[in-house]
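In the two complexes that follow, chain A is the common piece, with chain B as its partner first and chain C second.
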Partner chain A sequence: MYGFEALTFNIHGGYLEAIVRGHRSGLLTASDYNNLCQCETLEDIKMHLSATEYGPYLQNEPSPLHTTTIVEKCTLKLVDEYKHMLTQATEPLSTFLEYITYGHMIDNVVLIVTGTLHERDVQELLEKCHPLGMFDSIATLAVAQNMRELYRLVLVDTPLAPYFSECITSEDLDDMNIEIMRNTLYKAYLEDFYRFCQKIGGATAEIMCDILAFEADRRAVNITINSIGTELTRDERRKLYSNFGLLYPYGHEELAVCEDIDQVRSAMEKYPPYQSIFSKLSYGESQMLDKAFYEEEVKRLCLAFEQQFHYGVFFAYMRLKEQEIRNLMWVSECVAQNQKSRVHDSVVFIF
Partner chain B sequence: MVGSSSSWSTALVKISPYTFASIGIAISIGVSVLGAAWGIYITGSSLIGAAIKAPRITSKNLISVIFCEAVAIYGVIVAIILQTKLESVPSSRIYDPESLRAGYAIFASGIIVGFANLVCGLCVGIIGSSCALSDAQNSSLFVKILVIEIFGSALGLFGVIVGIIMSAQATWPSKG
Partner chain C sequence: MHLLYGFDLQLNDGKSPFQRTFVNQVKRCAEMSRKLRFFKDQIHKAGLVPSPNPASEPDVELEELEIQLAEHEHELIEMNSNSEKLRQTYNELLEFKMVLQKAGDFLVSSGNHAVAQETELSENVYSNDSYADSASLLEEEMQPGPSNQSGVRFISGIICKSKVLRFERTLFRATRGNMLFNQAPADDQIIDPASNEMVEKTVFVVFFSGEQARTKILKICESFGANCYPVPEDLTKRSQIIREVLSRSSDLEATLEAGLRHRDTALNTIGFYLSKWTNMVRREKAVYDVLNMLNFDVTKKCLVGEGWCPIFAKTRIQESLQRATFDCSSQVGIIFHVMDAVESPPTYFRTNHFTNAYQEIVDAYGVAKYQEANPAVYTIITFPFLFAVMFGDWGHGICLLLGALVLIVREKKLSSQKLDSFMEMLFGGRYLLLLMSLFSIYCGLIYNEFFSVPFHIFGHSAYKCRDATCSDAYSVGLVKYRDAYPFGVDPSWRGSRSELPFLNSLKMKMSILFGVVQMNLGIILSYFNARYFGNSLDIKYQFVPQMIFLNSLFGYLSLLIIIKWCTGSQADLYHVMIYMFLSPFEDLRDNKLFWGQSVLQVILLLSAVIAVPWMLFPKPFILKRLHTERFQGRTYGILGTSDMYNEEEPDSARHPHLDEFNFSEVFVHQMIHAIEFVLGAVSNTASYLRLWALSLAHSELSTVFYEKVLLLAWGYDNIVIRLIGLAVFAFATAFILLMMESLSAFLHALRLHWVEFQNKFYNGDGYKFKPFSFALLTDDDD
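Now for the complex of A and B:
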């Protein structure tokens, strides 16, 4: 019953919630980012990071340091924390934690299939996969020629199997189909996750459904903008939108017929939460849209920590950590390429 | 034959007042301990998890556990007081109104104390859990949240006071 979670949540989830809140206190603050932005070389970055929670992970790296190494070690820290929490969790928290990684699994699957299409080596692709989304038979993906084989050989044993029912065709995989497959899978995953959170009920449902609705709407806008000017028909585009969220169903009708960014903007400005995002961009500009969306997402994720006794803090922490890793990657790249003036273009401060 | 509409009230009145008194004593300690245990586990699980990243909070936040424990002690004290009020009456006078009154008074006292301590223990436990988590992030918050806990633990005291007043007037009829 909503409002009385405090009575029974701590039986199974109290310890892990306290742990995830402890991890949250280790996220980098604005002063850390200021220090990092003033670094001249990657060695300086490593020195600053060794004073934060990332210290043990970066200490033993030999110089010269690459940005990919920094990002890899930081991701390793996230994976270690996640695995620690997953092993200690009971139902339904363990299923909830597993749901968080399905998005990465989808990305990994698409990465390997696309890479194979472009004749890259499988080992090289496996190294680029996100560690949270790995599963056992992932290397076999390189063998599949079309979606039906993809499903039958590999994916039927993974948690992604139920998401495939809508996108199995016998066509051979090419770039367009793969993108459509990615978006269809992600749509099915988001809807499944949404239903799962609703079933848990209480504060988890309220907080998670809000965050997931924003995610669905953000993906709808990105799909629209990315498919302007391609051969994706309006009906196909509409099929890729999720069936929940603030934009469902009337916003989706308007977005499906948009042909340029200004039409997208006028469709979105009818919704107050998104109107504030679009008002930050001037007309005709879309590069800052990603950053505006990230900022809005970070704001909502930080709000999830305001309430106790729900599972939304786990999801929020994972997403905030990923945002931090994106920030670190951007800062490292700017420093490595000597473009420090552009550092603040894409860093989203969490606190 | 007595009308059937009075059969329930007759049945209730014919239950021995000793039954009511003993159940009251059982509830007084049983439900109080339930409240205290519930509060302690709510606080304890958050405290253990938060102390991993912030070990300094452990000693201070044991106060929350102590407040929950106090709730159980109130239950024990009142149960001991109540059991001294149980006296024997001669079997001819066991269903006198005086006897029934004494039995009901002890029963009510037990329920008052038991349930007041149940909710007090829950309240202190939940606040204690939030206190541990906030203290781990920002140590200036501890004292402020402790004030809330103190108000919460006063609820158990209210129950004990009223319970003891109730039981003070539980006088069984004297012999003869």
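Now for the complex of A and C:
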């Protein structure tokens, strides 16, 4: 019922919305980041984090700390929060919450497949997987030799199965194929998620479609930049772009023919929302693009909290938390490797 | 137990936690408490109950303790890892045994079925014979002999029960159905070697053919966490291996047992001291946390801290500081120096068991400003009394009294144990409950109600019925035949015509009297506040007009009520009060109560009218004049003094507070205040009528339960119905009257104190004095 969410939303979604807003207020603040950036050792970081929401997760860690432990524990907190929300959720929110994890699932599938291709140990690979994207038979992925087997053996049981329809080939797996598979899967996932949000309608559709469109456009730009100078043809590249978003369809035509970063830039600058992102970068530079995109994303995610009675807040919270964990990882790495001058390079503030 | 009496330190807020002086000590304490938590966890996991035996070991220093803890932790971790390895081996053996037994059955049955297969299987046996001799029993993968490339082979192993279905499906898909899958549930739960948890497991045997299928299946087994064990097909060989496995596992079991016992004794010794150590570390950490609030003075090489302490504790603090200096045989004494503070000090009232609950009631509204009049003193009596006015029934009062007495008698026992939140609240307010019940017995005697039944306690009733049947008592009334009943309400009135009109009139007027008295008390307290803080403006332009306004209207009403009671006049007080405003000069006629009443009314009305602008206008204008006088029209503030002040005392970053005078703000504030008082005088007086309303509701409700439940049931000559009636009555009395009604009366009494009484004088914008105390530390961790 469009526009009338306020009437009925709280019956099922009110509790969880309150929970997620509470979680959001537990995100680290500017002063937390300031203090973290001044830390000298990982112990200091632990000590500071023990005064925040992360406290209970870190307090029992014995002393020689590693960055991975910190990140692992922080991720564990996110996963616990997510699981709690998922168990409390009813339809369609539960499906919505599950959709959030599909992205991680795709990443995990790609990680394991690439890893086995390079003959890495499966257990070691499993440890590197994001816990949100785990599914039961994930370890079996290592058995598969080509896409068809991958699909038939493992993925047919997962929610990712429908996304696979476009990339079932009998070709042997190689890096290029896997990368194409990742992007095809992601494209299908984003489109499916987009459709799902539109089906929910109301403020959820409004906000989520905006966020997802941004995500799709960002991926389009990244695909373009990453495929410059590879043997990917224009048509193939064109096929990897999601069929929605601000750039669809004319921007995609332009991106598909880009041969260097400046062409991408000129294509993107025709779109006012992306002008600001590219205007921060100097010509020919693509290093800082990721950070610029992250900053823009965080800004948009924070805006999702300005409205009530929609599911966008859940997506936004998960994304913000992941960003926070990335920030923590960066800060801890900088501290651990004595590179404190570079702390601010990659930290995206969330406020 | 040491208690550093009354230091409320507050400094050093600007620094982040890891820049403070004693951060390393805090970190060490945190590390130690982590180790202690680890021990506690281990003891809990081992299922031991730590028995603390205090005072058996001399006190250890923190440094020693740190070393001890590290040793213990190291020892424990080593023991754990050793026993873990052993246990893993043991579990593997156990699984192997299970697989051997179960898989053997499959092999036998499948062997009987297919003769064609048998030859190939026997080949397999052959290959396994040589293998089993050479390879370790615990080799995870089975290496089939090279001789049977084309034959049917098998892999046996064990897998979690929950994964079996998916495992089978994946196997089926991977081999395109060219396999045979057999399974049997394991007899009992097995500890999984990998995760150390009890899980139900299933033994499986997969038959397949082909080398590729084998690698695939092994990979799948690995990815599903299924442990594969080789099983020879020859029966004799199998039983031999089983024997071998059994003997080895019994060996291992003995070793494991010994290790476990060793660990348990270690844990037990730790358990002896665990709570003591935990306490010590917690205290040590708290001390360092407080020390972190001190400023480290670089030039003077000492620590400087500012804090609050109660004046009466000054000598004790000095004493304990001296003792501390002596104990640590330090060269430099600790300097205790009283300083002038600019901030308002925290508020601290010394309370005891009895007064604590009342102070809590007041503090729940707001902590008193420093040295403000404390309403808790009056609350001790007025609160239970106003409660009792609403809850007047001496039967219910006795029930409450019994409850309160139980709580008070068991005080020692209850205060030492941990109560749930409801009981804790009840226990905290036990003396409040005591006074409430006593007053409600008193009021109940006045109302003459015992579970709503009147009793002839103080002699005989003064009234009797007109005839023997007493049928017209409700319609016509009773006749008086002797002197008035000496105390409280006459018992004969129950159910008669005069009952409700009399009680209503009595309770209503009583409520107004109590209200006017309590509000007057509040205003008088505002006078004492103003006098204490030397604020003559408030006395002249707030206290005096307020007194005049309230008393000229509602004080006068109270006077009329008392005169009416004393003289027994028939005057209509509504009429008097209403026409005092509408037509003040009109003749009072029948409603005249005393000589000169009309003149007095006009005077009172005039003074009330004058009091309103008196409250409103003078104060802000006088404040404005005072302000302009002080600065003589200067528009610039004084800069020099504040700088000098800072130079003198660099440690405390305080600036003299020069407030700006904003006339419109002050005026609006005063206007709000005056309007609130004028309207409040009316509405607050009306608000005291809740005393009457709740009292009425209480007595009516208890009457209903008594008459419509108990008496109705008693009317039947049937023991069952009577018992049911009694039970319903008892439950209604306990839950509705004693719990809900008393709660509602409590809340209304609370409101009358917080709003009607305290808004006359109480600022309540102070903050509590929170001294550092070891006693408060003990249970914040759990």
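Before moving on, here are some points about what is shown:
One rule holds for everything that comes next: the second predicted complex is superposed on the first by the 351 of 351 C-alpha atoms of A that agree within 3 Å, B and C clash if a C-alpha of one lies under 4 Å from a C-alpha of the other, contacts with A are read in each partner's own complex, and residues count from 1 in each chain.
What we mean here is this: a contact is a pair of C-beta atoms (placed from the backbone, for glycine too) under 8 Å apart; a residue touches a chain by one contact, two chains touch by 3 or more.
Bear in mind the structure is a predicted one, so any value in this text is a computation, not a measurement.
Upon superposition of the two complexes on chain A, no clash is found between chain B and chain C, which fit side by side. Applying the stated contact rule after C-alpha superposition, one finds that A:296 touches neither chain B nor chain C. When both complexes are overlaid on chain A, the residue A:51 reaches chain C alone and has no touch with chain B. Residue by residue along chain A, chain B and chain C are tallied for touches, and C comes out ahead. Once the two complexes are laid over each other on the shared chain, residue contacts for A:18 go to chain B alone; chain C is not touched. After the chain A superposition, the centres of chain B and chain C are separated by 50° when viewed from the C-alpha centre of chain A, nearest 10. Using the contact criterion defined above for the overlaid structures, shared-chain residue A:26 touches chain B, although it does not reach chain C.
Touch criterion not met for A:215: it reaches neither chain B nor chain C. In the superposed model, A:6 lies in contact with chain B only, and not with chain C. Shared-chain residue A:35: touches chain C; no touch with chain B. In the superposed model, A:324 makes contact with neither chain B nor chain C.
By the touch criterion defined above, A:308 reaches chain B but does not reach chain C. Once both complexes are placed on a shared chain A, the shortest Cα to Cα gap between chain B and chain C comes to 12 Å. Common to the chain B and chain C interfaces on chain A is no residue.
Listing the residues of chain C that touch chain A in their complex gives 16-19, 23, 26-27, 30-31, 34, 37-38, 163, 166, 169-170, 173-174, 216, 219-220, 222-225.
Chain A makes touch with chain C in their complex at residues 34-35, 38-40, 43-44, 47-48, 50-51, 59-63, 122, 136-137, 139-143, 152-154, 157. Against chain B, the residues of chain A that register as touching in their complex are 6-7, 10-11, 14-19, 21-23, 25-26, 308. Residues of chain B that touch chain A in their complex: 38, 41-42, 45-50, 52-54, 122, 126, 129-130, 132-133, 136-137.
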